[in-house]
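Two complexes, one shared chain (subunit A), two partners (subunit B, subunit C).
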Partner chain A sequence: MNIPEYTPALIVAIPLIGAFLTPLISRVHDKLRNIFVILVLVINASLVFLLAYDILKNGIQTYIFGARNLSYPIVRILFEVDAMSIFMAIISSIIVLVAVLYSWSFMKNNTGLDKYYTLILLLTAGILGMVMTGDMFNFFVFLEITSIASCALIAFWTSQAESVEAGFKYIVISAMGALFVLFAVAILYGQYDALNIAQLADVMQYTFLDKIALVLLIVALAMKAGLVPMHMWLPDSYGSAPSTISLVLVGATLASLYGVLRVVFTLYGNALSTIANFDVAVNVFIGWFIIALAILSIIVGVIMALIQTDFKRLIAFGAVAEIGYMFLGIGAGLAAAGTAYGNVALQGGIFHIFNDALDVGLLFLVAGAIYYATKERSLNSMGGLARNMKFTTVFFIIGLLAVAGMPPMNGFASKLLIYESTFQLNPILAIVAILCSILLLAMFVKVFYSAFMGPELPKFKKVKEVPKSMLFAMGILATIIVIFGLFPEIILNNIVQPAADALLGYSEYISQVVAGGI
Partner chain B sequence: MIYNIPYIAVVGLILLGMYALVFKRNLIKMVIGITLIESGVNMFLITLGYRKESIAPIYTSSPGGIMSLPVPQALTLTSIVIGVAVTALMLSLVIHIYRHYGSLDAKNVRRLKE
Partner chain C sequence: MFTIETGSGFWNPIVWIIAIIIAYLLIYIIRGFGKTHYKKGTEQVKSFLSGNPEYEKEKMQVKASNLYWGFTTSLKGLYAILKKMHTGNATDYVLWFVVILAIFLLIEVI
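Right, the complex of A and B next:
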C-alpha cells in the first residue's frame, strides 16, 4: 500500500490543529472534548504506524516544505524520517495516547482541562516534530515548543508550591539548553551556509568551531535528557507534575536523547569516523566520555532513589538510572563502533529507550493511581493497599520487575544486550550495571512492601480500586511490557535493528537529500 | 578589528547572562540573565548575515548594491518570538512563586529538596 508523501507533515499537523480546536470543542461539552482528543491521537498513532510500515519496507521518507527543484542551494525546511525517527515517533505516540486515556478519570476533578489537553497536544506535536525533522533550526523550534508546553504542564497544579518551583527550574534549564542549541546551529550555519542536517553532515570539516558546536549540542541535549551531573531538574519535574505529565515528559526527555543520537551519529558521523587527531580515535574518546557520564547516572540515580520517601521522586531517580543504561549502551556502541558487540550495545541502548518509556511510565501511572485513591505521596504513610487495589498491585509488580530487568519482562531483554556487550568492552562496566540493577530491584521491593503489604491501615479502609479508564491505560502498558518481554525478537528484529542500522548508516541519510538533487 | 566588535559584544552578553544566571539569587535577575543570553545569540545570528555596506534585503524599489543575507534575520525573528513566549512564561511562574513563598530569593524557594 502506498501512503501519500506528505504523511510526515500530517503527523505533526494533526496534533497541532487538534490543539487549537480543543478549547473550542471544550466549550460545547467536556466529554466530547475528551473523545475528540483521544480520536486525534488515535488517528495520529495509526498514521505513525502506517509510515513506520512504509519506511521499514521502502527506506527513508523525505518531505519538503515549499519549492523542490531549485538549481541553487537554498535554505528550506524538510522532514527526513528514517527508522530511528519513526521508532521514537512510535514510542511517543503510544505514551501520549496512554496518558490521555488515563487522564479521563485522573484529571476529572480539575479545572482548566481545556488548556491541559491543548498543551498535551502541543507537546505531542513538538516531540513528533523533534524526532522527524531534518533541519537543525527546525529542531530548535520544536525543542522550544516541547519545553514551553511541558513547563506549563509541570506547573499545571499552580496551587501547589512545589509544582510551580519545579516548573520554573525546568523552564530555566530548558531555555538555556535551547539557546545553546541555537548558538551551535548559528556556528554551523556561519561556516557551511546550511541548516539541513544531511547537507551539514556532508560538508562537515570537524574544525575547531565544529568541536565547540558539538560540545554545546551534546551538553544542551544531554542536560535536557537528564544525564548526571545535569539531572537536578528531572526528579523535581517528574515528581511534582501530575502523573500523566510525568509519563509524557518521559517521551519529551527521550526526544532530547534522540537529539544526542542524531547529532553524534548523523551530523558528526562522517567527521567522527574519518578523522582521528588524538592518539585514540575521536569516536572512542566521545564514546568513553558518554560511558563515564552514563555510569555516573546509574550510580547516582540508584543511590539517590534509595533514600527517597516520596513515591514519585523515587521513581524519578529510578528514571535517571534508566537513562544511564541507555547512554551506556549508546556510548559503548560508539566506543566500539564497527565491532559486532558495539552493534549489539547500540541495539541494546535503543531497545532500552522503548522499554524505559513503558516501564517507568507504568510506575508513574501506578503512583498516580495511589495518589488518586488515597491522596498520599509519601511512602511512610502508605501501607496495606494490596487489599483494596488488586489490579494496581499487579501492574506495580509488572512495572517493578521490568524496571529492575527481571525476566520475563522487556527490561530484561534490553539490559541483557547491554550487559553482554559492555562486558566485552570492559567487564567493570557490566558489573556496575548489574549491581545497580539489583539495587533497583531491592529498592522497588522495599516500596512494594511499604506501600502494598503490611497490615491494613484504618485510614485506607474505604479506599477503592481506581476507575476503569485508568486501569485500562495501565493495562495497555503492562500488556506491551509482558508481550515484548516474552517475545523480544519481534521488536528487536523489526524495529530496533533497522533503527540501529539507520544510525550507523549515516551515509544513506545524507545521500537521500544531498545526492538525490532535492 | 572593527568588524570583530559585534562578536566581542556577543561573547560579553552571553558571559554576562551566564553570570547573572549562576550567581544572582533573585529570580527576576535570573530571568534577565536568560534574556541576555538570548540577545547575545540573536546578535550572533544577525552579525553572521551582515556584510560591509550591505542594505536590507527588500527587493521592491531597491537602490542596488549588496544585500544582507535574509536567512539569519528570519531565524532571529523566529528566535525572538520564541524568546518572548519563554520570558512571559518564566515571569508568570515567578509571580506564582512569589504568591506561594512570599519571596523572590532563590535561597528561600527550596521546598523541593533531596
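Right, the complex of A and C next:
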C-alpha cells in the first residue's frame, strides 16, 4: 500500500489547522468542539499508523517544504521520518488522544475549554514536529511551540496559585533550554552553513565548536527531559497541571529525550568513534556521562517520591526515576556501542520510552479520577476508596505493577533488557536499578494502601466511580499495558528494534538526503 | 510471539503466568486444610491489639506520611540534603542547569 508523499506534512498540519478551528467550532456548541478535537486526533493517529506501516516496510520517508531544486538560494525545510521518529509519533498520538477522551468528563465543569483544546492541539503539532523534522532550526521552532503551549496548559487552572507558579517556572526553564539549543544551532550553522541534520551529520568534523554545540544540546534537552539534577521543574509542573495535561506533558518530555537521541546518534553519529580526551572514544565518554545522570535520576526520583504525600507530585518523582531508567538504557547502549549487550541496552531504553508514557500516564489519570471524585490530592486525606471506585482501583493496580516493573506487565520486559545489559557493562548499575525498582514498588504500595485500602472514611461515603469516558480512557492505556506485557516480542521486533536500528544506522539517515540528492 | 531474548537469558510471560496459576492452586489447596467454621459476631472476628480496645474504623487507617517511617528516619541525613536541593526557586533550577553545563563542558572540551 502506498501512502501520499505529503503524509508527514499532514501529520503536523492537521492538529495545527484543528487548533485554529477549535475556537470557532466552540462558538457553535461545546459537544461539537469536543467531537471535532477527538476526530482530528483520530485522523491524525490513523495517519501516523499508516506512515509507520509504510516506513517499517519501505524505509525512511522525506517531505520537502519549499525549494525542491538544489540551486541557490535554497529556502526549504525537510521532514525526515525514520523508524525512531515514527516510534515517538505513535506514542504521542496515543497519549494525546487518550488525554482528550478523558478530558470530556474531567474538564466539563471548567471554563475556557476552547483555549484548552486549542493549546492541546498546538502542543500535539509541536511534539509531532519535533520528532519528524530533519532540520535543526525547525526542531528549535517546534520546541518553542511545545514549550509555550505546555506553559499555558500547566497554568490552566489560574485560580490555583501553584499552577500559575508552576507555569512560570516551566517557561523560565524552557526559555533557558531553548536559548541554548538555538545557540548550538547557530554554532553549527556558522561552521557548516547548513541546518539540515543529515547534511550537518555528513560534514561533522567534531571541532572545538562542535564539542561546545554537543554539550549545549545534550544538557539543554536533558533538562527538558527532566534528568536529575535539572528535574526540579518536573514535579512542580506535573503536580500542578490538570491530570490530562500531566499525561500530555509526558509526551512533550519524551520529545526532548528524542532530541538527545537524534543529536547523539545521528547528528554526531560520525564523530562517535572519535578518540576524545583521556584516550576514550566519544561514545564511551558521553555514554558514561548520561549513565551517571541516569543513576542519579533513578535514586533521587525514587527517594524523593517515597516522602511525598501529594499524589501527583509522588507520581511526578516516580516519572523522574523512570526517565532515569530510559537514559540508563540509552547511555549503556552508547557506552557499549557495537557490542551485543549494548544493542540490548539501547532496545531496552527505547522500549521503556513507550512503557513509561503508558504506565506513568495511566497513574496520572488515576490521580485525576480520584481528584475528580473526592477533590482530594493529599494521600493523608484519602482512604478506603477501593470500595466505591472499583474500576479505578483495578487501573491503579495495573499502573502500579507496570511502573514498578513487575511481571508480567510491560515495564518488566523493558526493565529486564536494561538490567541484564547494564549488568554486563557494570554490575553495580544493574544492582542500583533493581533496588530502586523495588523502592518504586514500595512507594506505589504506599499509595495503594493509603488511598484505596483501609476502612471507609465517612467523608467518602457518597463517592461514586468516575464517568464512563474517563474509565474508557484509562481502560485504553491499561489494555495496551497488558498487551505489551503479554506480547513483548511482537512490540520489540516490530517497532522497538527498527527504532534502535534507525539510531545505530545513522548513515542511512544521512544518505537518504545527501546521497539521494534531496 | 511471547519470548524475548535478552542476550544472557529470556523472558516469557506465559510461562510466568502458568507458574503463578500453579502457585495459587497450591495455596488454595493448602487453605482448604484450614478450619472453615468460626462464630460470626463474636470476639473471634475482632482484631486483637494486645488486649487494648479496638479504635473506631476511621481511626485505624495509618496515614501516608506515617508509612515507611523507619526508612525515612534512617535516611534523615540524605533527606535533609535532598530537601535542601529542592528549594522550589526557579533561579536555583537554572543554577543546576548551569552547573551541569559547566561540568560537561569542562570534561568534554578541555
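Quick notes
Everything that follows uses one rule, which is that the second predicted complex is superposed on the first by the 508 of 518 C-alpha atoms of A that agree within 3 Å, B and C clash if a C-alpha of one lies under 4 Å from a C-alpha of the other, contacts with A are read in each partner's own complex, and residues count from 1 in each chain.
To be clear about the criterion, contacts are C-beta pairs under 8 Å (C-beta built on N, C-alpha and C of every residue); 3 or more make two chains touch, one makes a residue touch a chain.
Everything quoted here is computed from the prediction, not taken from an experiment.
Applying the stated contact rule after C-alpha superposition, one finds that A:Met176 touches each of subunit B and subunit C. Residue contacts after overlaying the shared chain place A:Thr207 against neither subunit B nor subunit C.
Of the two partner chains, subunit C is the only one that A:Gly454 touches; subunit B does not reach it.
Applying the stated contact rule after C-alpha superposition, one finds that A:Ile307 touches each of subunit B and subunit C. Of the two partner chains, neither subunit B nor subunit C is touched by A:Thr479. Of the two partner chains placed by superposition, A:Asn110 touches none, neither subunit B nor subunit C.
By the document's definition of touching, both partners, subunit B and subunit C, reach A:Phe168. In the superposed model, A:Ile148 makes contact with subunit B only, not with subunit C. Between subunit B and subunit C, C touches the greater number of residues of subunit A. By the touch criterion defined above, A:Phe412 lies against subunit C but remains apart from subunit B after alignment on the C-alpha atoms of chain A. Where the contact sets of subunit A with subunit B and with subunit C meet, they give residues 168-169, 172, 176, 236, 304, 307. Of all the residues in subunit A, the ones that touch subunit B in their complex are 75, 137, 140-141, 144, 147-148, 151-152, 155, 158, 161-162, 164-169, 171-172, 175-176, 178-179, 182-183, 186, 189-190, 195, 236, 239-240, 304, 307-308. Interface of subunit C with subunit A (complex): residues 1-4, 6-9, 11, 13-14, 16-17, 57-58, 60-65, 67-68, 71-72, 75, 78-79, 82, 85-86, 88, 90, 92-94, 96-97, 99-101, 104-105, 107-110. For subunit B in complex with subunit A, the residues that touch the partner chain are 14, 21, 27, 30, 34, 37-38, 41, 44-45, 48, 71-72, 75, 78-79, 82, 85-86, 89-90, 93-94, 96-97, 100-101, 109, 111-112, 114. Note for the complex: subunit A touches subunit C at residues 168-169, 172-173, 176-177, 180, 208, 211-212, 214-216, 218-220, 222-223, 229-230, 232-233, 235-236, 276-277, 285, 289, 293, 300, 303-304, 306-307, 309, 340-341, 344, 378-380, 382-384, 407-408, 412-413, 416-417, 420-421, 423-424, 442, 446-447, 449-451, 454-458, 485-490, 492.
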